[in-house]
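In the two complexes that follow, subunit A is the common piece, with subunit B as its partner first and subunit C second.
Entry: the complex of A and B
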């Protein structure tokens, strides 16, 4: 230790010595800075801030109408080897007992078995996590499929660029890389 | 002679390491300890503050209702409610919690009286429990891509904590004789806080070790998860096959068994299964999921009951765990102290307080030493005094 004492401190060391205790202040500022975001997120998950972002209202699917919204106005999130996902919410107050399940998919499903990801939860607020292959065309449509207890399927589509402009923009960029 | 002086300088070095471990971030460490201490008893604090979360008996011989009876009572009071999940907090003095979706699309957590099924209130927008845990656990930094960097920031503290335990024991000569050493008052604050620090330290050796090791596990857990490494043997429950969902003649929903039937089926199939939480099917192809603590209170057992076929389609019991999972799954309850009711929580709370005090007293000692060291250095003349004081404030005071 006594050796280091006699050496003239380098610029970096001096900076560290002078500012190291300010690390405390910096660290305390972190949760203060994130607090509004924390409460905004809590409100989002409670549904107090509405269904989500870029709500597409009154989509007619069979005899029902539903609203679709992306949870957040942002590009898909990477979830490891499973790929990229985008969280969507839907509200279908007109969905009665006749509705067995509601699905979401990029591109038109050919059958009920490939209807896409299923919406979880109560009809008033359902959620699903939609896989977005990076090769998807930015002008693709996303398809909502309602499966009735009568065994029939009812479908409607929304342009992806309308339901999630950020995803369309992200796909545009992905395409540019290839 | 030479050996002795080397030993002495070694211990000086250990002492320095010990002194410096928390220092540049002492306030951060202090708040993390403090919020951790609060988080342990946050549920109890809410219980004290908010009458809605208490399970008061209407009269002495009231019996607890079953889950289905509670559900029926709730639907009678509010027909539009969609109940997703029931959970009984650990302790019969807590009201049952029900996660619901309202017709307007908002979610809420309702407090329900387990004896009457009455909805007593809902979790306020400011959720003290969740907030203290989020602050303590990940410093409120949001999870956007895998684990939040706040989680890393906090869990990294496990390492210097472990190091300060080890170095503290090394520099505290014959620490095992310190358990009943009285704290000296009347010799100035330096001596007082030093005695407090050492006394608190020896009594909380076990606790610091537990918190530091489990804290470090949280770091490892995040690293594993962010690299998509899993050590879990928990089965992934597939959705119910289309063929198992019956078609109805009138095009209406297929009949499902109710909550109590589902719970009974699981209890019959799995003796000793405690059902302290149960979730209703989230889709037409979902199970009733339920579970609770097993005989080993640090881990949960779960079962999935098919609402159409009445089969237990999947289960994850204590016996299904690997030896490694017994260790890793015990880490979280060991950290939070929520595995043995109020008594354990209070012990964790008390030692959490002691730990907070350790950080604080450590800082006070350091401040006193630094002031003295700085003064001493200044007195010695104007030579390189300022540099010396700044570069090694503790070297002059290294003798404990």
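Entry: the complex of A and C
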């Protein structure tokens, strides 16, 4: 009968066998590091931390006034083949009467059909994703168009540099190269 | 077999979770001689057969009123003067392509 002696594990192996159990604790700590971002996002999307960044207040559009804010103070995001987009939020507490739809566009709309992207959600907090043509001039305006149930168009504009300084800076930097 | 199933379970589940895709309208127009071909679609890769595509002059006169074919494209003769192409998939889901942005592929 042969006897096999088990060799004592090497130093490194011993360390691993002794401490591998404690990796559990690391796995619990990793998500904790993401918690602040998670709660900040949750509060932003719920509206607890306000409408967004760089709020432009009391924009008069027809007989309504609304507040406009970018969701985050950052440059437009590339969203695949459709190009660059910037998320905006708007609040219009007086819009519950007479407003059919609210649109947002870079530059003055040519017609109601081409009024831009449409705002979704309740008037007190609605959001939209605005396409930013890469060749937009940094001094461009963004136009808010309200389509009333009376069939008329009501418009107002805000300088893009005021509504989203990060977008204006991004346009300045890429200088229409894209 | 059971062992294999266990090992594959997590990768398979991870693959099954398809990421949410944006559904933004897009439209590209290219010029072939006198003809312009526009192709519409959505950023999640789906086509846009039957969606309205109008060619409108700067004076808001509709020059070509049509719909995209089964292959999501429409070919038309380049109109005189200044115009833009309007891909219209419903209110707020439009893409404008200016005539100055239409060139040879």
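Going forward, the second predicted complex is superposed on the first by the 145 of 178 C-alpha atoms of A that agree within 3 Å, B and C clash if a C-alpha of one lies under 4 Å from a C-alpha of the other, contacts with A are read in each partner's own complex, and residues count from 1 in each chain.
Just so it is clear, a contact is a pair of C-beta atoms (placed from the backbone, for glycine too) under 8 Å apart; a residue touches a chain by one contact, two chains touch by 3 or more.
Just so it is clear, the structure is predicted and the values come from calculations on it, not from any experiment.
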Touching partner for A:101 - first (subunit B), second (subunit C), both, neither: both
Which superposed partner A:61 touches (first subunit B, second subunit C, both, neither): neither
Subunit B versus subunit C as contact partner of A:118, first or second or both or neither: both
Contacts of A:129 with subunit B and subunit C, given as first, second, both or neither: second
Partner contacting more residues of subunit A (subunit B vs subunit C): B
Which superposed partner A:80 touches (first subunit B, second subunit C, both, neither): both
Contacts of A:42 with subunit B and subunit C, given as first, second, both or neither: first
Touched partner set for A:110, first subunit B, second subunit C, both or neither: second
Footprint overlap on subunit A, comparing subunit B with subunit C: 80-81, 101, 113, 118-119
Residues of subunit A defined as touching subunit C within the complex: 79-83, 85, 101, 103, 110-111, 113-119, 128-129, 131
Touch list for subunit B against partner subunit A, complex: 13, 16, 23-28, 31, 82, 84, 101-108, 125, 127, 130-131, 134-135, 139-142, 144-146, 150, 153, 228, 239, 242, 245, 247-248, 251-254, 282-286, 384, 387-388, 390-392, 395
Subunit B-facing residues of subunit A, complex: 1-2, 4-6, 8-9, 17-18, 20-21, 23-25, 27-28, 30-31, 34-35, 37-38, 41-43, 45-48, 50-51, 77-78, 80-81, 91, 93, 97-98, 100-101, 113, 118-125, 148-151
Subunit A-touching residues of subunit C, taken from the complex the two chains share: 21-22, 24-26, 42-43, 56, 58, 60, 84, 86, 88, 91-94, 96
